[in-house]
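Shared between the two complexes below is subunit A, which pairs with subunit B and subunit C, respectively.
Here is the complex of A and B:
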């Protein structure tokens, strides 16, 4: 359990985000947001409650909500579209999630564990998911009709009449230069630091991958220069 | 009131008309006078043209000011992009370019529903667009990374902004490699979440000098500034908006199959119209202007029966994180609130979507419903896929329905296309593919970017 000072620090981080005043403008407690919220129908989660906690600066209950509740939000932003005060409870939840990660909260670690594979794909390739991640074996709940034509994945992907889509390990072919540019973005915006705090093993794997790709890119650049000299 | 009771006589002395109370009095107006007195009931109220005063800011006004002050460069939609002007939620104009488009792909579509982008490119070819001149699909682009952000919280406004500006800078300069001017190709965003995220990020970039300052350093390091400035697009345009403005041309020039026998429901993507909602397109001729127009408008133009349903406003249950790690929520929500309702209320032949996550969610999570006695199903596909079928595209080679788990066979058959014949033809084609004889929508060399 965090001390009150730690909880206050977490709240201060939330409200110092420049989006905070944009997303929170007051609250009538009308509950339109909760009435229309898909997650409220399935979880102990209410966007109205989140807004009220923030509006009343209830730091210990904000901390409490960050243990589990904020991860129930489906981020559909229906609440934001309906709120008569132009609040965005979904947007506030996004800020709270970022702060939960920044403070290395256990709730964030638990939630992100099953997300590792997606994170690895995204950070290293610039694509969120790939055809080889969506194989029938991985999703038995999608039923027997998941693939309507028999055939190996490579051939089926080659049969897509668009060059960039004939891939299996990325959703589309991303050029090496593009991926290397992405790594710079991840580094300069603190995303890799956040990842290290959340999952050190995953971070190590990603770092190695990035180093390898950067070397590959440097080699390619050298080859280009040599070709130009010739 | 019990069943056997007689309802009160509306005209009886002192009773008034049912529901109006005893104080009701006849006006004794002539039919002409009555019609005049109730004119306001029949009057069309244009909800799109309300005066918002200072309550709602059009961020684009500030964008032009920033350009004037030399802070940014606006990637313009010019006459060369042959734009169509449409109206958004509050009646504001939005320009939709119809040609010279840079395809900004969707990771979920390309990875999982490839018939989505192929149907779109197929349409451009059918209209005679020249690849490399009228459109470009290239490798120098990444996901917007917003799926990850909304799902995990890893990432932040700066990373999202840097990715947005990097991808859109590439769109701005991409023409050079093909002998065109800067700004030749205009970005067409395929994914609904990318569309919503980019609009939100553009708003933050225009509002926050601090954010601009931070990302400028990153873009500078990447060599992605033009004259030392950030490039920001005049409009952020979703592919479904292109389909929307092209719908009459699609129906008039390309439609081959009559689909007036199809009952169609539409699920508009939350991130299309609930994020930066003032930018979504509405049209009084599409469900009275009470629903976002894209998706529905093409079904209407093709002559299908568009059927509304009570849970149209609900999300699909995708949840970003939930589809991956809390699938019980995703499949329960999609079955209870979307598929069951579209089946029982609308008895639809197909549900159309305009985004990646919704189609994945609704398409893939039907079969498991049987575990809870939910023995119903519904073909799910994108608006552009149904349109391509109606215009004679091959269900496998182009529309790529083999990747869908929902019973798309049923709607294809109802359109008079033989699923088994098309499948047999495609299986033959796969043998050709194995031999390296692959058909392309454009010359693969054009794809090499960066």
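Here is the complex of A and C:
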């Protein structure tokens, strides 16, 4: 259990985020956000409650909500499109999640662990999901249509009339240049720092991979120049 | 020197102003763009008024009779003012019917425009025939029978949604329309009177039955008519397979999302600035405040003033207002206007 001072510090980090005042104007307590929220239909989660806790600076309950509740949000932003006060409960949850990571909270680590596989895929291929990762048992939320992916994946993919999509180990092809640009974006926006805090081993693997790709890209650039000189 | 005041708009505020000007011994020219006097309560066919309980056609009808029977008041219906020349004490107004009138001062009693529920599509108005506005429901009460427009059945359950077109930044309406809470409590009781077997639910964010309206409408509707108040603003209205309406919201006291079937859903629509206001501002040279209503001068010593000398205003032209207060302000604006005449 955190001390009051620690909980206060976490809240201060949330409210000093540059987006905070834009996402939170006050609250009419009307419940439109919760009524439209898909996650509230299925989980013990209410965007109105999150907004109220932040607005009334209830640091204790904010800390509590960060243990589990905030991870139920699907980040669909329906709430932001509907709130009559133009708040963005989903945007506030995004800030809270980033702060949870920054403080190395266990809840963040637990929730994010299964996504390591996705992260690795993303960094190594530029795709977060590839056709060969889709196994019917893992996607019950896709409904009965999921059965259609069982079959000869290679043949099915070949049937797509777009050449760059006829892949199975990636969803589409990503060029080396695009990958390297993405590494820069992740670095500069703090994604890799967050990863280091959450999963050091994965971070090391990914760092090595990025270094390798960057060298590859440098080599490729040099080759181009040599070609031009000829 | 003119002994006449130009009054624009023949609703409760304008009728009151014109009658007051005449009673003080001066003349009024009343210009109304519609073909009837009476303003929103008559034009939209309101049922029994808050707080008197009198039928609108009787109460406001009396005001219309008083004005139409007054030789000192010249009424132009289906007419607008197209041009205003001159200055305070000495204006010349050109009317759309070709007439010109010499007046010493002007009272703008041009009122409001009802919010058009089409602008809030997720609440089903225009999509489902059993989704109505308070003005339509008032007309249904006036007709003496409560039935679903879709198939004529008597509704088991009616939901009234408050704050439709008010208190909503998503659609640029950052005001409370002031009267719709009380009007809805009143309407709920009227529905119960005509159709005792119908259950009426009111979905609210806050209940603003201010002043003496608290016990007379809010309490009475619960104690005597068993109207149910649910603290929830509705997110969307859809329909189920059997044709009934489904209302989706969060019961913020119970803290869970809810979906409830209804037979009729009523939008308690708000009071927008008069859609003519940009034109009125241009013609009369007066300013509008940030929401689009007529800009009010400081009220303490320049009561009923606008941004222009010699031009006064009153009632819902200034922002959401009740009938009783519009009438009182109409009298006050009339007094300011005749004071200009006697000084000139």
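We adopt the following convention: the second predicted complex is superposed on the first by the 204 of 230 C-alpha atoms of A that agree within 3 Å, B and C clash if a C-alpha of one lies under 4 Å from a C-alpha of the other, contacts with A are read in each partner's own complex, and residues count from 1 in each chain.
Assume a contact is a pair of C-beta atoms (placed from the backbone, for glycine too) under 8 Å apart; a residue touches a chain by one contact, two chains touch by 3 or more.
Source: prediction; values computed, not measured.
Contacts of A:85 after superposition on the shared chain: subunit C is touched, whereas subunit B is not. Of the two partner chains placed around the shared chain by superposition, subunit B and subunit C are both touched by A:36.
In the superposition on chain A, A:4 makes contact with neither subunit B nor subunit C.
Applying the stated contact rule after C-alpha superposition, one finds that A:220 touches neither subunit B nor subunit C. Touch criterion met: A:46 reaches subunit C, while subunit B stays clear of it.
Of the two partners subunit B and subunit C, more residues of subunit A are touched by B. Put simply, subunit A uses residues 36, 41, 81 to touch subunit B in one complex and subunit C in the other.
The residues of subunit B lying in touch with subunit A in their complex are 105-112, 114, 117-118, 121, 137-143, 145, 147-159, 162-163, 166, 196, 204, 207-208, 210-211, 217-218, 221-222, 224, 270-271, 273-275, 277, 313-315, 317-322, 324-325, 327, 329, 331-333, 337, 364-368, 396-398, 400-409, 423, 426-427, 429-430, 433-434, 438-442, 444, 446-450. Chain contact summary for the complex, subunit C toward subunit A: residues 122, 163, 167-170, 205, 231-236, 248-252, 255-258. By the touch criterion stated above, subunit A contacts subunit B in their complex at residues 18-19, 22, 36, 38-39, 41-43, 71, 74-78, 80-81, 94, 97-98, 100-101, 108, 111-112, 114-115, 118-119, 122, 126-131, 133-134, 139, 141-149, 151, 155-166, 170-179, 181-182, 184-186, 188-191, 194-195, 198.
The touching residues of subunit A, counted against subunit C in their complex, run 28-37, 40-41, 46, 48-49, 81-86.
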